[in-house]
Every structure is written in structure tokens, then in C-alpha cells.
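Labels A, B, C and D are assigned to the chains in the order they are written; within every chain, residues are numbered from 1.
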Amino acid sequence: MEEPNLSVEISGFRMKNPLMLASGVLGISIGSLRRVHEAGAGAVVTKSIGYEPRVGYDNPTLVEVHGGYLNAIGLSNPGVKEFCKELSRSKIDDLPLVVSLFGAEPSEFKDMVSMLDGLKIKAYELNLSCPHVKGFGVEVGQDSRAIREIVEAVKEESGKTLFVKLSPNVTDMVKIAKVAEDAGADALTLINTIRAMSIDTETFRPILANKVGGLSGPAIKPIAIRCVYEVSKAVKIPIIGCGGVVDWQDAIEFFLAGAQAVQLGTVIAYRGPDIFEEIKRGIRNYLITKGRKSVREIVGLAHDF
Amino acid sequence: MEEPNLSVEISGFRMKNPLMLASGVLGISIGSLRRVHEAGAGAVVTKSIGYEPRVGYDNPTLVEVHGGYLNAIGLSNPGVKEFCKELSRSKIDDLPLVVSLFGAEPSEFKDMVSMLDGLKIKAYELNLSCPHVKGFGVEVGQDSRAIREIVEAVKEESGKTLFVKLSPNVTDMVKIAKVAEDAGADALTLINTIRAMSIDTETFRPILANKVGGLSGPAIKPIAIRCVYEVSKAVKIPIIGCGGVVDWQDAIEFFLAGAQAVQLGTVIAYRGPDIFEEIKRGIRNYLITKGRKSVREIVGLAHDF
Amino acid sequence: MTSNRPRIVRLVDVKDESSTVRTMTFRDDLCSKAKPGQFIMVWIPGVDEIPMSISVIKEDLAGLTVREVGEASKTLFDIKAGGTIGIRGPYGNGFTPIIGKVMIIGAGTGLAPLMPLTEILAERSASIDMIIGGKTIDEFVFVDRAKRALFKTKSRLVTTTEDGSHGIRGLATDAILPILREKSTDIIYTCGPELMMRKVFSIAQESGVPVQASLERVMKCGIGICGSCCIGKYRACKDGPVFDSPKLEEVKDEFGAFRRDHSGRIIKLSTN
Amino acid sequence: MTSNRPRIVRLVDVKDESSTVRTMTFRDDLCSKAKPGQFIMVWIPGVDEIPMSISVIKEDLAGLTVREVGEASKTLFDIKAGGTIGIRGPYGNGFTPIIGKVMIIGAGTGLAPLMPLTEILAERSASIDMIIGGKTIDEFVFVDRAKRALFKTKSRLVTTTEDGSHGIRGLATDAILPILREKSTDIIYTCGPELMMRKVFSIAQESGVPVQASLERVMKCGIGICGSCCIGKYRACKDGPVFDSPKLEEVKDEFGAFRRDHSGRIIKLSTN
């Protein structure tokens, strides 16, 4: 049996395998991004970077719930200037690095990209969907005009591959997705976390310091699968699935739904970076069993029914 | 120690305890509704009834996922005429019965209520939120004008207590909730299931015949808690929490978030109707431990922080 | 946790029982541990998911026996060995085997859940009187399998047909009283058309013999949540499908009187 | 499954170790089973959640030792016996106890994770040379507890102060070489200011003695997902907080050189 081809290409961005590290997970230092790459990730996305440094919210910023985690890290990041230094501290040529960006204004995005673009970054991912920080994320991600302007501004500034990450905290995700496509996004990452909350029954308090946070993990997988399925029917650009992948079956489910690649986040808390090799192996064996030569061949098969 | 008071009153609708059977779960025959009441429910809500009979979707209509279930029953129901007969087949005076209704038009709701209103029903719950049937549910539940007109039509027709059940499949739940309140809803039930999907990796097929279904169970609890918390801050009418309650701690969490009562659905699949007694006991013991005399006293305590 | 999902299994063997009934076997650990009387939800992808009794319960093999009725059962019926189906379960309570003097009475695919029960009871050397009924000889299924099972025990097999083409002419229920009069009977197990079972129950009540009857209702979830299978206060899928005499007594207004269709509407059971 | 949530525990006892350091004990089964060197995330509701080493590990009691530094630690410091905190964990790898000739060197609350380690090693009759350092006598903590632990073993306790107010005048690290020269040492355990640990590591490397050092980094999740605690390729919360010599070698560009603040920005460690 021929060895199946795990590599994928998303609008010019080539990955040795379709598994990416999701943004915000171990993504603040090159050291840990590199480690995740060495552990087997086909690409790694940084934590979302903003124009100014942000310490984020107070702790607790994370709490476990049934089937996942809530987090309200609050877009903590060292700011784009400092992050450019981080990227310059060591050679990153060999790293399939995607830089995630958030901001409130098109001009902010433009400025960040102009600072970063000279570095050996492979792609950008615009986080237009953080569910728990006012003024960024969800609010931007629900506003068609803001999305259009931001995407256009970044495309104007940079020729690199551009992913746009969207949130399911909206009435009509397909509409928002089409706006991003029209504005020039090369691919869509679906989904970011879902607004949620957990209250401690002993102290009567919301556990997260920010009260509301984003739900991630297996709990949201069926929602993410639905988003990928519906959006991939409606747009022509590739989709990167994200949300609750913990094993190779989950990854396959995303491919069948229409994703060309998948991102892994919360599973790192359960299984550590070694999960990448394990899922890769599972995908490989699955393709062999099904007589398929590449991941590409199974993308979107669920649409046939 | 004084025995804590578990009874609650929601806009004139009195319940011996704050636990209700959620709509669509064992709710199609009086026999099973009665059984759930005998098992300890403070109130029981029927499956959503429409004007015409509907067989619903083909099977599979239900599939388990991590932390819950997807269902796409498709609003199967015998139609309001037949259901009136069902209610007349035995005495229901003693049953704290809430009839759930769905429809596409205000006039449909009005007609149904006029047929039902003479029967010994205690309250109505309008299902403006079924996530997987085109033309009803979500589509209605996302449309402020439709919500207003439907609620007003029902209030005009009937003096009974009126709950409005909403969906989190919207960008701004608080806005929708306020529309329902303004239109005259006596209470809000939050939340219905969330649009989701599951694909079988062996056959490449969406498992549900309808492909998309609604996610229920523990997976959605943190989302439901967030909805109850946010909406109860913004409206004055009582809120009935629903989504993922499987133990007494979950029920308490909903009360702290601002719910006056909670509905139980998916837990019936895990634990059967006996769960009502168990959760009641847990709530009672919790109130004693916390030195509280009634459920009422703990409603919304999380808002103090 | 996530076990209520279809498991895809390959059909090892497909065997004609009659021109409209086939037994299909597959390997599935859970079904191999099922109790007789339990059922599975069978997914025929793209068509439907329908309840089927587990008719074969062996250490390394399990099976179902399907009669072509409508779209789903016809599609299932036509799947060849090597083809695949999805199954979830086993669900329901199943029969409680009582090692004593038992009567087993069934007709058509109602025999599906009764066959593994018969085999277990025969192995544990119960004394078995088995009545298999049918309209005509062509409809008979499982007669040979029943004979094989009963062969070694102090047992008897009675067949009845309405046209007299096999065994005694008449209804299966006609054969009950003669046997009850002849010897004491500890329990009657039955599965088949509901009106037949209702009659079995009446005769048994009069004679003071307890009954376990397996009922059919429309099933969607199979796990006791959707309510489509309710009869009286019970869920056929979870509290049943096997109902014993006290439970049958509780639901006697509905048992043999009506069932509900997929919308929940009441459908009277016709008396022919 | 849902174990990474705060468990609310009541403080059984609060004891002053110095004017700015207190040990607080509580009952918690999981912490009573912790390895020395593991830590918990301590939730001070309404204020913050901060990492704290488990400084007391007894069968029916566990505890932490807090120094007032900023808002969260001050609020925690002021909670009285009977008050409550939330804890989750134990997290991290902890020290690996080696029963042999060991050196333990710590300062300030860096001694918190070293104390239960010392007690375990002493019980298993390791030969222990312990060095406790501090700026001045008022800052000393755990000296009595150390003496009690070391009492019965072939052990020695050395204290150092920069102002000479207790024990030898000088830095804790000054006391290492004399001991290493005097006798063979199998391992050095250390926790305290990072620059001290860096020096311990240098001396140990030169002398060919392996080290286990417990590092502090900003922690948010505590479970290896947020990345705030990363040093080199490692997550202090999950792959640490205890780093052995090979790992320290791998992260030597960062160890003792810089840490990151809550935003992820690099903060150089000052050399005074």
C-alpha cells in the first residue's frame, strides 16, 4: 500500500500534515511553538497579538467544565513591537508559523502587518472572534462592515496567506463567512470559543475573573462541525476546522464536513503536545483502510449525502 | 432546622418545587407526563404542539455526542386538535401542566390557544427556538417582529401564564429577550438546543437524517448559564433555566445565575425520571447547609459579584 | 459515554427464513452479551433507523431477523453478506428467563426475540411448550431452529395455521388452554401481533399464569427520552419492551387497543 | 473529568512563620497525596488565583506557605483560620526523592516545597545537608521545622545571612562548595530566587553534581495549555516546576536570565 499523502496546501501555504496548533495555546513564545512543531504539528499559530501590550484579565482565567474548558485570558499579549523582537530572537525560517492578530480598527491591523511582514512568517490569522473581550473579537466579528474593512486592509498591506477566524456567536455564520470571502480572505478558521460561564456553588461567584469566558473542547465539537459543514457549502475558499478535536476520529469528522486542515487547542491540556503524532498516525491508518491516497480526497465527503 | 421552602411561583404559576420537565422529553402522552410528575417534577411541559400533525423527520433523530445528544425529531406532534383530545382523555386538574406550542404565524398560535384555553392547562410555553426546523423555531426566534406579534397574539387570546422559550443561536440574546418581555411574556425559558452536527467516519454521512440537529446536555450548560446570567440582568420577568442539568449542583448554578426554576431534559436519558427526587433532595440539603429558607433566596446571587 | 451512536458492522451471513424474512448475522461484542428480548436500533444509512430484536445471541455472533414491511425493512432485507449496517444498543429490559415449566408463544418476526430465549431456557433444561402460529405454512419461520433447540429437552412444539397448511388449523392462542389444562405452567412468554398477545394475556390472567410479553411501539431514540414509544406511564424502549403481567395490567387500556404513529397520534389496533 | 475547578476548603490553622510569611493548613485528600514540589492554584475569590507550593503534606492535612507580596498574596495572608479558599491541583511534576547523600538549599518561601521533601528524605534516612539562606534573621522561616526533621538523621543544617545576623555571613551559595569538597553528594535540590538557583546550578555543573531546581513563572492555567509559564520549550506548570540538570542545560539561555510577565513580555532578571 502506498503511503498516503498527509500534506495539504491552503491557498499557497503548504503544511506537511493537516494538524495545526490553535491560537492562544502555548503560542506566546517561539520556544514552545517550536516544540509543538517538533511534536508533529503541520503548522503553529501564535497567540493573538494586538497593537499594544495587554496583561489580560486577572486569574482565574481558566476553569474546567463538563467536556471542555472556559477561558478568559483576555487577549494578553506583549504587543506587536515586542512580539517582532520575539520572532527575531531565533531563526524561524523552518517554522510553519502563522501569526494571529486581533484589533479594533482596520488601521491597527494594517500597522501590525506592516511591522511583521518582513519577518519569516508564513501566514496570518485574523482573530475576529474572541468571545470575551469588549471592542475586539465578537463585536468585530458580528459586524460585516468591520470584517470587510479589516480583511481588505490586511490584503492591501501583505501578500501572505490570510486566514480569518470566525465565531459561532452569531445568528448567521454563513453570511459573515461570505463577507470575509468577498473581502479577500484566503481561508476561514472555524470556530473560536463560545460565550459561556461557570458559577461556583460554594461561594455563589462566577469563577472566571471576567465572569464570561469562551467554551472550548469536545463540548463544542458538534457545533464546530455544523459550522464547517454549512460554511463550506457556501464558500469557495478552504476551511480550517477547529473546536474539540481530541482524537483522529474527530479530525476525520472535520475533513468529511469540509475542512482542509484542523487546529488543536484544548486537547493539549488533556494529552500534551504528543497528541499530534498520535492523531497523525490515526489519520494515516484511516486513509489506508479506506483506500484513499490523501487527506484531500476525503475533504467534504459528507456533502455527497 | 426549618425545612426549606422549595416551592416557587412564576407569574402566578405555582410549583411545589422548581424542577420542570423540559419540552420534547417524554411529553407527548399524558401518561408519561403524569409519571414524571409523580416522580417529583414541580411542573411538566408537553412536547411542542403545532397546528397540523407532523410526523417529524426520519430516523436517526437522535445521536449521542461527547457531553450530550443531538436531536432532530422535527417537531413531530399529533396536531393541536388531536392533542386536545389527548388532554381530555383523563383528568388533568391535578397536573401542573404547561403546553408548549410552535408555529409560523401569530394567527396559528392564536388559533391553538383558543382551542386549548378551556382545558385545565396551567401555562403555555412558546417554542420560538427549535434549531432545526425551517420556518419555525430559530427563524422565528431570530426575528424581533415575529416574536412581538406572536407573544401579543397569545396574550390577547389567553390570560394564562406565558413562558417564551428562546434560542442561543443568535447574535444578541439579550435583545431578543427584551422584545419578548416588552411584548408581554410572563417568563423566559433559556435555552433551547444549539444547532450542531455529527458525521459518521465509517460511512462519511451525517448521522441524523436531517443532518443538522440540536445539541443538548452537559455540553451546553455553561452556555445556558451565561444566557441566564446575562438575560436576567437585563429583564425583570422571571427566567426558567434549561440546558445540561444533570445534578443538584447544576440546578443551584442556574438559580445563582438568576433562574427561578430549571427544566430537565437530557438527564432523563442518563438517569430516568427518578432524577427529579434526587435533585430535589440535593437542593434541599444545600439550602439547609447554606442556612437559606427557600430557593427564592438564592436566585441571582451570582449577580452580587 | 458516547455509546449511543451507530456502530458500523459488516454482515457475516444472510439467511432466508421465508420469502419475506431473513436473518442477518454480524459480529458485535455488546450484542453477543445481550439478554433475549433486548433490541437494537438498526441504521440503514440514507434510509431510516428502525428497532429490531436481537434474534441471534452467540459468543462470537449476533443477528437480527427482518421481515420486509416498508422502505427501511425492505432496504435492510436486500443487504447482502459483506454489506454494512449501523447498530446501537442493546436496549430495553429483555425477558427474565425462568427455569421451570414455561410456555412460549409467538408468530412471525415476533419469534425473533423468543428464539434466543428458547435456546437459553432449553440449555438450562426448562420444560418448554412452544406454540408457533401463522396464517399459512409459507409464513412460518424458525420452525427448524425451534426443533433443534427443543430436541434435547422435555419439550413440545405446536404449530398452528389459520388455513391448516401446517400443524393445527386455527389461531396460536387456541392452543394455549389445552396445554394449560394438561399441566401446570410457571410462565408464558409471548411476542407477535399485539391482538394475539392481548389474547394470550387474557387467557393467562384467567388461568392465573404470569406473562412476559414483548410490545412494539414506534421508537425514535430507543433510550427513553423522546417519548414516542410510550404506553401508559411506561417507555417501551426502556421500561420494556418486555412487560410482565402487573405492568400489562397497568396499561390494559392501551395494550391491544391502540398505539401511536410517528406524530404521536393514536391509531386504533384493528381487530382483524 | 471536571477536576480542574477550584475546590473550596476551610483553613484549619494559620501559623506565622515570620512577620510576612504564614503557613495555612486545610484538609484536602488530593493535596495530602501530593509529591513534594507540586503546587496548587489558590483562588482568592474576587481577587486572583495564584500558584503556591504545597508546603505541608500529611495524611490528613495539607498546607501552603505564603509571603505577602502583592494584592493576592496579601489578601490570602490575611485570611484567618475558619476562612475559605479555593484550590485546584496538585499540579506539576514535583521533586524526585533520591535516598542518598543529598544537599537541599533554599531561601524564603522557596523553602515551601523543600520542607515536605526534606521530611520525606529524612524519614527514609537520607543523609542531608541543608542550607537555608536569607538576607537577615527576620526573614528566616522553617528553621525550627528543619531542625525537627533533620534531628534523627545523619544530617546537618547550615544557615547563612547576608548581614550575619544568623549563621554564616554571606550568600547561601557560598556554603555549597565547602560541603561538596568535604563529602560526595548525590544530588542538590534547590528552590528560591532564580539567580541563587542559577548559581547553585553553575557550581553543581562544575562539580558534576546533578540538580533539581523548582522554577517560578507566571501561571494562569496551571495545566499546560495557556503558555504563560513557558521557559524554552518547557511549560513550568506541567513539565516543571522542577527542572533537572539536563533540562536546566536546555533552557540555560532563559534560566536566571529572564522571565515573562502576564502579557508575555520578557522581563530581565536583575542581578541584585
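One rule holds in what follows: a residue touches a chain if its C-beta (ideal position, glycine included) is under 8 Å from a C-beta of that chain, and two chains touch if they have at least 3 such contacts.
No experiment lies behind these values; they were computed from the predicted model shown.
Among the remaining chains, not one touches chain B and also chain C. Ranked by separation of Cα centres from chain B, the top chain is D. Measuring from the averaged C-alpha position of chain A to that of chain D gives a distance of 36 Å. Centre-to-centre separation of chain A and chain C, using mean CA positions: 51 Å. Note on chain placement: the centre of chain A and the centre of chain B lie 34 Å apart, centres being C-alpha means. Within chain A, contacts with two or more other chains are made by residues 65-67, 198, 205, 305. Contact of a single residue of chain D with at least two other chains is seen at positions 45-46.
Taken as a graph of touching chains, this assembly forms an open line, each chain in contact only with its neighbours along the path. Shown are all chain pairs that touch, namely A-B, A-D, B-C. On chain A, the positions that touch chain B within their shared complex are 65-68, 70, 142, 169-171, 194-199, 201, 204-206, 211-212, 215, 218-223, 225-226, 229-230, 244, 249, 252-253, 256-257, 286, 298, 301-302, 304-305.
Chain D makes touch with chain A in their complex at residues 1-6, 8, 41, 43, 45-50, 84, 86, 220-228, 230-235, 238, 254, 260-266.
The touching residues of chain B, when paired with chain C in their complex, are 24-29, 31-32, 34-35, 38, 47, 53-56, 58-67, 69, 71, 73, 76-79, 82, 85-86, 198, 200, 202-203, 205, 207, 209, 265-266, 268-269, 272.
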